[in-house]
Amino acid sequence: MLFQVEMTVEIPHGLAPDVVAQLKETERQRAQELQRSGQWRHLWRVAGRYANISIFDVESNEALHDILSTLPLFPFMRVSVTPLCRHPSSNRADDG
Amino acid sequence: MLFQVEMTVEIPHGLAPDVVAQLKETERQRAQELQRSGQWRHLWRVAGRYANISIFDVESNEALHDILSTLPLFPFMRVSVTPLCRHPSSNRADDG
Amino acid sequence: MLFQVEMTVEIPHGLAPDVVAQLKETERQRAQELQRSGQWRHLWRVAGRYANISIFDVESNEALHDILSTLPLFPFMRVSVTPLCRHPSSNRADDG
Amino acid sequence: MLFQVEMTVEIPHGLAPDVVAQLKETERQRAQELQRSGQWRHLWRVAGRYANISIFDVESNEALHDILSTLPLFPFMRVSVTPLCRHPSSNRADDG
Amino acid sequence: MLFQVEMTVEIPHGLAPDVVAQLKETERQRAQELQRSGQWRHLWRVAGRYANISIFDVESNEALHDILSTLPLFPFMRVSVTPLCRHPSSNRADDG
Amino acid sequence: MLFQVEMTVEIPHGLAPDVVAQLKETERQRAQELQRSGQWRHLWRVAGRYANISIFDVESNEALHDILSTLPLFPFMRVSVTPLCRHPSSNRADDG
Amino acid sequence: MLFQVEMTVEIPHGLAPDVVAQLKETERQRAQELQRSGQWRHLWRVAGRYANISIFDVESNEALHDILSTLPLFPFMRVSVTPLCRHPSSNRADDG
Amino acid sequence: MLFQVEMTVEIPHGLAPDVVAQLKETERQRAQELQRSGQWRHLWRVAGRYANISIFDVESNEALHDILSTLPLFPFMRVSVTPLCRHPSSNRADDG
Amino acid sequence: MLFQVEMTVEIPHGLAPDVVAQLKETERQRAQELQRSGQWRHLWRVAGRYANISIFDVESNEALHDILSTLPLFPFMRVSVTPLCRHPSSNRADDG
Amino acid sequence: MLFQVEMTVEIPHGLAPDVVAQLKETERQRAQELQRSGQWRHLWRVAGRYANISIFDVESNEALHDILSTLPLFPFMRVSVTPLCRHPSSNRADDG
C-alpha cells in the first residue's frame, strides 16, 4: 500500500553540532535500511529546502506510523501523509 | 530532471457528459503515451479525491510546461509543481 | 485499516430539486449498505454544516477510494482523508 | 453528546526526558480512566504525526472543557473541537 | 449549553429579487421566534459584512443543528460553530 | 458600542509558576472590575482551548484599546477584534 | 472614530455593461458625497487590483455599517474592517 | 522603480473561443509594446500554470496601475504586486 | 508616492525591560521625525493589537525600504507593504 | 534553466552580533561570486522586509539545490522556488 510522505526538517539552532551530525548519520543509515527492505520505495530531496518527498510501500497505516515515528529526526520534522492508490491510466507495473 | 506535480481536476457541473467522457479518454491516451516515452515517470491516484500525484522526468522547465499545458483536462486543473533532485541518502539508481 | 474522512457537500443552487432528492436518497441507501458491510464504521453529522465526519474500516487505500469515488454525491463533495492507527493508550478492543 | 477532538502534541525540545516520560505516563493513565468511564469514547493515533483524533461523549461543553484542560499534556497541545450529532443515515445504535 | 455561531450569507447574484425578499422575511420571522423561545440568545450584525455573530443556548448539539439547518437562508450560508462554557472569571449570572 | 473580542493566551513554558499565578489572579480581578463597570459585557471560555470569546461595550475604539492593552496577560495574547452593531432582526433590548 | 476598510470588487462576468457602468457611476457619486460630509476621510486605489483602502471617520459601528452596506457595489464586494485609534507617537492633529 | 508582479489568468469556461483568442492576441501585442517601451522589463511563464511572473520598471505606483488595469485580460486575472529595490549585494548595473 | 504599511511588533519575552523601553523611546522619536519630514504621512494604532497601520509618502521603493529597515523596532516587526495610488473617485487634494 | 527564488531571512535574536556580521559578509561575497558566474542572474531586495526575490539560471534542479543549501544564511531562511520558462509573448532575448 502506497503513501506519499513529505518531511520538512527544522533542527533547533541551539542543538550541538556533533549531536546533529550523529542524528543525520543514523537517519541516513535507517533510510537506507528501509529502502533495502522495500518499504521506503522512493526518496527525493525538494530543491531549495531541507525537506524530502518520499513514497512508502507498507502493509498498513500502523506500519507507516511505526517507521516514521522512530526515525531519528522525527522529533524535528513536520510530516504530511497522503494515501495513494493505483491510477487507472497508469501503465507501470509497480506503481500500484 | 524530476518534478513532483499534483493535479486536482474540477470539471464544471454543466459540461455535457459526452464531452467529459471524450476529454477523459484523450487524457488517458495522452498519459499513457507520456508514460511510454519515459517523461511521465510515475502516476498515482490520491485516495478519496479526483486528483493525482505524479513524477515527471523532463529535460527542462519548458518541456514540463509544454506537457502539462497541453493535457486535455488542463483547463479544468489546479496544478502545483515541486522541483526535486537526488537525495544524498537514496540508494535507488533511477531516483535522481 | 482505519481512516477518518470528512465530507463537505456543496450542491449547486441550480440543480433541480427532484434530482437532488434522488441523489440524497441513493446516497442514504449506499451509506447504510456500507455500514452493514462494516466498511463505513462510524458516521456523524457535523453540527451546523452540511458535512459529516466518518470512520472507514477498509482493506486498502484502493478500497477506500473505490467507496468514496462512487458515492452518488461525490461530484459535489470536498473530501479530506486522514489515515489512523491504533493508539497505544486505547483500551477499546475494536479501535485499531 | 459527542465531540470530535484533534490533539496535536508539541513538547519543547528542552524539557527534561524524565519529566516528559512522567507526563506521558500520567497522560496514558488519565486517558484509560476516561475511556473506562465512557467519556473518551474513541481514541486513534494519526499515522505519521504525534497527534490523535478522538471522540468524546460528555454531558456538556463544560464537561468537555474540564476533561481536556486538565490533561497532563494540555499545556503542550493544539486542540480543535468539532461538535457532532447523529447522522440521519447512520444505522449504528451508539453513534448518536 | 452555549455556542457562538458566525453566519456569513452569500446569495447568488442570479436569484430573483422577490425570492430573496421572501427568504429574508421568513428568516427574520424565524430568528425572532427563536429569540422569544430563548434558544437564539444574542444576535449581532458584523459591521461592514452581510454576516452575524450569534449566541445560541440549546440542550444539545442536535438541537443546534436542527435550528441552523432549517433556517431559510441556510443553503446560502457559511457557518462556523464554537462551543462555549462558563468562564471562571465571569460574574454574570446568565453567561454559563 | 459593541465589539466581539477573541483572546487566545499562550504563556511561555519557561515562565515561573508563581509569576503565572500572580498574572492570572490580577487578570481575574481586572476582568471582574470591568464586568462590574459594564464595559466587559460578556465573557465565555472556548471549550477545549485556553481562550475566551467576549463582548465589550465601550465608548470608542480608543476605550477598547486602553482596556485590552492594559490587561495583565496582554503580552501573552493573540487578539482579534470584530466590530458589531445592532441586527435588524434582533428583538432583545440590550443587544445594540 | 476611525476605521480602515479594504474593499475588493468582483463584478460577475455576465453582468450587462450598461448596468455595470451605472453602478460605478452611482458608486462614484456616493463616494464623493461621503467624502464631502467628512465620513469617508481617505480613499486610495490599491495598485494593480480592483480594490481600495479607505479610512472612515464615523460616530459608531452602526454608522459605518449603514454607509458600507448601502454602497451600490456592496453586493459585489469583499470587505474587511479594522478599528483604529490614535497612536501615541502620532503628531498629526487630525489622525485620532 | 521596480515591481515584481504575478498574474494568474482564469478565463471563465463559458467564454466564446473567438472572444478568448482575440483577447489573447491583443494581450500579446500590448505586452510586446510595453516591453519595447522598457516598462515591462521581464516576462516569464510559470511552469505548469496559466500564470506569469514579471518585472515592471515604472515611474510610480500610478503608472503601474494604469498599465495593469488596462491589460485586455485584467478582468480575468488575480494579481499580486511586490515593490522591489536595489539589493546591496547586487553587482548588476540594471537591477536597481 | 504612497504606500500603506502594516507593522506588527513582537518583542521577545526575554528582552530586558530597560532595553525595550529604550527601543520604544528611540522608535517614538524616529516616528515623529519622519512625520515632521512628511514621509510618514499617517500613523494609527490598530485597536487591540500591538500594531500600527501607516501611510508613507516617499520618492521611491528604495526610500521606503531605507526608512522601514532602519526603524529601531524593525528586527521585531512583521511588515506588509501595499502600494497605493490616487483613486479616481477621490476628491481630496492631498490623497494622491 | 530559470527559477524564481524568494528567500526570507529570520536570524534568531540571541545570535552574537559578530557571528551575524560574519555570516552576512560571507553571504554577500558568495552572492557576488554566483552573480559573476551567471547563475544568480537577478537579485532584488523586497521593500520593507529582510527578504529578496532572485532569478537563478542553472543547469538542473540539483545545481539549484547545491547553490541554495550552501548559502551561509541558508539555515536561517525560508525559501520558496518557482520554476520558470520562456513566455510566448516575451521579446527579450535573454529571458528564456
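Lettered A, B, C, D, E, F, G, H, I and J in written order, each chain numbered from 1.
The rule we apply is simple: contacts are C-beta pairs under 8 Å (C-beta built on N, C-alpha and C of every residue); 3 or more make two chains touch, one makes a residue touch a chain.
Keep in mind that what you see is a predicted model, and the values were worked out from it rather than measured.
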Practice prompt. Please give the intersection of the contact partners of chain D with those of chain J.
Written response: A
Item to complete: Give the chains in contact with both chain B and chain E, ordered by label.
Response: C
Response to the item:
Comparing B-H with B-J, the busier interface by C-beta pairs is B-J
Worksheet item: Which integer distance in Å separates the CA centroid of chain F from that of chain J?
Response: 44
Response to the item:
Between the Cα centroids of chain E and chain G the separation in whole angstrom comes to 27
Item to complete: Go ahead and note the Å separation of the Cα centroids belonging to chain C and chain D.
Response: 22
Discussion item. If I count partner chains per residue in chain C, which residues reach a count of at least 2?
Written reply: 2, 45, 47-48, 61-62, 64-65, 81, 83-86, 96
Worksheet item: What chain-chain pairs meet the touch criterion?
Response: A-B, A-C, A-D, A-J, B-C, B-H, B-J, C-D, C-E, D-E, D-F, E-F, E-G, F-G, F-I, G-H, G-I, H-I, H-J, I-J
Worksheet item: Which of the residues in chain H end up touching chain I in this complex?
Response: 1-3, 60-62, 64-65, 81, 83-86, 96
Item to complete: Report the residues of chain J in contact with chain I in the complex, numbered from low to high.
Response: 13, 45, 47-50
Worksheet item: Which residues of chain B touch chain H in their complex?
Response: 5, 12, 15, 61-62, 64-65, 68-69, 75-76, 79-81
Worksheet item: So in the complex, which bits of chain J are touching chain H?
Response: 2, 4, 27-28, 31-32, 35-36, 42-48, 52-53, 55, 82-92, 95-96
